[in-house]
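Right after this note come the structures.
Next, two complexes with chain A in common: one pairs it with chain B, the other with chain C.
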Partner chain A sequence: MAILFEYFFNGAVLGIMYALVAVGFTLFFGVLDVIKFSHGDVLTLGAFSGLVAFLALQLTGLDLPVIGLVIVLVAACIVTGLVGAAIGQFFVIPMRNSSAFNILLMTLMIGTAIREAIRLFYPTGANPKAFPALLPNSPVEIGGVFLRLDSLILLALGFAIVFLTHWLIRHTKLGLAIRAVAQDGDTAQVMGIPFKQTVLATFALGSMLAGIAGVMHGIYYSEINFGVGLLLGIIGFSAAVLGGLGSIWGAIIGGFAFAALQTIWVVLFPDASGYRDVFAFAAIIVAMTIFPTGIIAERYSERV
Partner chain B sequence: MLLKAAVVGVALIASAVGAQAQSKETVKIAFIGPLSGGNSAAGVGGRNSAALAVNLRNDNPSSKYKYELVALDDECKPNVGIQVATRAATDRHIVAGVTHYCSAVAIAAVDVYHRFGMPAVVWGAILPAITYGNDYKEIHRVNGSMLDETAVATDFLTKQGYKKWVIVHDTTDYGNGLLKFFQEKIAKTDGQIIGTFGVGADQQDFSAELLKIKEAKPQIVVFAGLTPLGVRVRSQMERLGVNIQFAGVSGIMSTSYLEALGPTAEATIAFHNGAPAETLPGGKKFVDDYQKAAFKDPAEPYGPYAYVAADLIMSAIEKVGPDRKKVLDVLNATKGYPSIAGPITFDDHRNNSVASTKYVAQDGRWVRWEDSEYASGKRQIKIAKD
Partner chain C sequence: MSLLRVGSSVAIIALAVIWTVIVLAAESQWQVLAALVVAAVAIFAFSRMRAGRDLAFTLNDSGPSIIAIIPLAVLVVAFAIHQDHFQLMMLASVLIYGIACVGLTVQFGYAGVINFAGAAFFGIGGYTAAVLGSTGVPSLLTLLAGGLTAAMIGCIIILPVLRTKGHYAALITIAFGLLFRSFLEVNHTLGGPQGLKVEGASIAGRSLLNGIQLGTLEPSFYFNYVLLALAAFTLFFLLARNLEKSWIGLNLDAVREDTIGASVFGINVAAWRIFAFVAGNFLIGVAGALFAMMQNFIAPSNFTFSDSLLMLSIIVLGGIGNLWAVLPAAILVVVLPEKLQGIGEYRIFVFAILVVLVLRFRPAGLFPRSMRQFRREVGQ
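Moving on to the complex of A and B:
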């Protein structure tokens, strides 16, 4: 029984990281109908900026427990937010009337450029980098269940970010503008909503989520490398499509579903554990044929 | 990256050679190994060691040629490995190569060397099929194979009381090969493998696999893969509270494993075809020369074999001149060649067998088991419980 809970808990940590990436995809698709494939590499960029911020703190002797984490997260958010907005401003918005295929290809190339830039310009960037333990990692044992405090905090942090995003979209003026643009960009503009600013804010917001996911990923695995974003981006995108592109809760469900599929496969077929991603992606393909518009289908839900 | 690595390699030699030996004919030999990526510590150590052999040979006034080492980066990726192998093999100025640390790369590249008739001496890859899976006269190996390694590992671990094993292996030729030999070897003992987990070479998360292992309650987790993956598996064992003894193959035995894990690495057991450089027959000279050359990075356990491979090739060239065919014949006939790692003798598949050494991580260093505080009883590895 205890072990079952451990599967559940560690699957959930994985799921929340996938979900944060998936929410980004959903936001971009929601406001502008675009698929931004550089998202995974923006995540890597976030993780690396967090690492640089930490190293800078260490140099100045300011690597204090809580402040360290906050500064690392803020640094990751600033960099990814700016890069996300810049991609929107200079590449996606000017191209928004061309075919979706062009934008997809272009963002794919931007992602590759970011990834290669990290590999080439970060000192020995091709090697995995140890990520600092920014959270207390003392073990917690409750009724035979073994957890670590930092895993717990990361899960809580992930959920807090998801709820904060939801609140931002539902209960703030910015959220109202995002939802309006998502429903009908032209009409929203006629109603006096600044279209471009809203789109850029959405791009910044989605990319910040990736930055946070990148830092969480680094803390959880105590390591980052220039290629982490590649698979995470694809998983996040699949999760968003599974949940229904354009729906935040769909993306979250998709993220958890993907983590669950991976975990369940290994639990059921430990001898074939190498096939877990094959299984998970195959299951997503099957699910897509059953729910072509995602689990939370667009016609039943408002976008974003 | 490739170009940069090559330039660094050439520069290393050029600086040492200086103006001396201008009149001698220049002969190029290739070094191929992972100079970037997660296994680059081993690759750079090998590159430095091969460069050391070349420098010493060039400093020797009686050598007939001026040698130049062309260092190429295979990134431990088979597709990249084939590209650089082709580049070396098609360059007629390169007489022979000191080739490959990663088995998955070496096995992919043997066909290239065979097709272009370039003699290659493997310095770090241990998959038996590299030499035994074909009858290519071009392929030689000085560092032994995983047959040597798995034999010593199985024997040692079962004798330490670890009878119930779980094997985590990567799904490349390297990990799959090791799994196969472990399965064969353990069948002859009273031990058993109660679970095997194949994992992707780039996999990040092992929580499901490790929790399954926790449930299965083995006495030991044996890891058959390379350092980056080994680091992740070991550190996630700690995160998930899988409190079981951990052992690995030579693939994890690098300084980057110790650096990345810090205190978590303590008491990891590993097996390696390379003995500590100091304990090798010519080890003291190697260690001293390596120190004198002031390389920035350590030689790593397979460094001496890269040195031996380069030395063997240059001796052959000295004997018959820079001709691939003639060099090949000399290398093929190697018997009892005196090297710093002991006499090198190639069998009918041009493989040199070695005796594997047992190691344990102690205070951030790999220590020979016999010399460790674990063997003397001062410290304890995790006890095998039923």
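Moving on to the complex of A and C:
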């Protein structure tokens, strides 16, 4: 029983990371109807800029635990936000009227360029890098189950970010603008909403979520690798699509569903845990057959 | 007038052949870079000049015999480099990737069915060849079996693709590609991450590993693989081109451009999508089997998501739906990274940026597909 709870808990930490990535995909799709596939590599970039910020902090001798985490997160958010907005400004917005496939392929290639740039230009970037333990990782006992304290904090942090994002979308002026542009870009413009700024802000916001997810990933596994972005990006995309593109709650459900699939497989067949991803992706394909537009269906899925 | 038109077309193709030989045989980075600049200028110039339009017209509107140009041009290149193993292997790889991209063109260029799992179907063909190789099945049958296995697995994957649209359909093929790769990594019967050894091809009892003697020439054994790949490429190219020109191609165009409109006119959209996807996967599977035989060895790392992207880059760079663009684009995508080894580490980075720039500033590809001409079909 205790071991089951541990599996459940680790699955939940994975789920919240996937959900953060998926929310980014859903935001981009909401405002521009595009899939920005460089998202996963923006995540890696966030993790690496967090790492650089930590190393810089160490050099100056300011090694305080809580402030360290905050500064790492802020650094990751600034870099990913800027890069996300730049990709939107120079590549996605000018291309928004071309075919979905062209944008998909182009952003995949931008992601490849970012990934390769990290590998080539970060000192010995091809090797996995140790990520600093920014949170206390002493075990905590809850009802006979030992959990890592840092994972607990990560889970809470992830939920806080998700609720903050939801609040931002629902209850601020920027959120109102984002929702208006998502519903109908042209009408929103007629109503005096600055289209371009709103889209860029959305791109920055979504990319910041990826940056945070990247730092969380680094802390959780205590290492970071230039290649993690590709798989995490595709998992996040699967989660967003599974939940139904354009819906924030759908993305969160999708993220947890994907983590649940992986965890269930490992619990059921601990000997064949290597097949975890095979099972998860096969289940995604079956789920898409049953729910062709995701679990929470797109509101305007049929545009005839 | 017509003679002039054909003359300028032949001249352009001759220049392209010479260019290919120079690039394949180039020794230094600067030669390759210079050739690249020349090609960029030439493509830009010809696409604006009359000669370029004439070439497109000659290639698209002549009868099936025009296809003889392909074996002719490739043979000239192959003879020019007949002694060098590595250069011939690259030429054969270009042709093999060309076959796979003809398959992708049928799927995406004609019917509009997107396939992000090209490398997976390529791998299915390759692993079929590896498994059958030790059983003594004739090589040509193995090629066929590789294609059929890929087509059969495609039959299963097309079902969820048919039920979904756009990004959702893209996800299914992406998921399948990743699933296939991680399956190979952990499956020990198929060699796991170390991969499998593959028997080389042999035709009529003669192993292709023994070089053939052509008069006084003694070409490398890769020359045989160039010939085999060339034969397969020419055959499939001819079939695909005839398909495009026939009523089937017309139906596929209708399905791609306007699904609802096509179904209103009584075209069975689902049936044509299945047809295009399965036929395309057959070609990709054959190409994969041929590739495995030539390499003598396959591993999961040959069939990653990036390789699927590489294949799609070929058809996008060339111009989606334009069969004639497949070979030139395959040369760019397959040969240049190998030739730019000196840039070494940086070549994937450079290549990714190149594709991004082409998509950003020339989204229809280097050689856009020309419009279907109805004049002859209607009858003058």
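Please note the rule applied: the second predicted complex is superposed on the first by the 299 of 304 C-alpha atoms of A that agree within 3 Å, B and C clash if a C-alpha of one lies under 4 Å from a C-alpha of the other, contacts with A are read in each partner's own complex, and residues count from 1 in each chain.
By our rule, contacts are C-beta pairs under 8 Å (C-beta built on N, C-alpha and C of every residue); 3 or more make two chains touch, one makes a residue touch a chain.
Please read all numbers here as calculations on a predicted model, not as lab measurements.
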Which of chain B and chain C A:Glu6 touches, first, second, both or neither: first
Touching partner for A:Tyr221 - first (chain B), second (chain C), both, neither: first
Touched partner set for A:Asp277, first chain B, second chain C, both or neither: both
Which superposed partner A:Arg148 touches (first chain B, second chain C, both, neither): first
Touching partner for A:Leu105 - first (chain B), second (chain C), both, neither: second
Doubly contacted chain A residues - partners chain C and chain B: 120, 231, 272, 274, 277
Residue ranges of chain C touching chain A (in the complex, touch as defined): 108, 114, 157, 159-160, 163-168, 170-172, 174-176, 178-179, 182-183, 185-186, 260, 305-306, 309, 312-313, 316, 345-346, 348-349, 352-353, 355-356, 359-360, 363
Chain A partner contacts - residues on chain B that touch it in the complex: 1, 36-38, 40, 75, 171, 195-200, 202, 204-205, 207-209, 211-212, 214-216, 228, 231-232, 235-236, 239-241, 256, 259-260
Chain B-facing residues of chain A, complex: 3, 6-7, 10-11, 13-14, 120, 124, 126-128, 130, 137, 139, 141, 146-148, 151, 220-223, 225, 227-228, 231, 262-263, 265-267, 270-274, 276-277
Contact set on chain A toward chain C in their complex: 29, 35, 91, 94-95, 98, 100-102, 104-106, 108-110, 112-113, 116-117, 120, 230-231, 234, 237-238, 241, 245, 272, 274-275, 277-278, 281-282, 284-286, 288-289, 292-294, 304
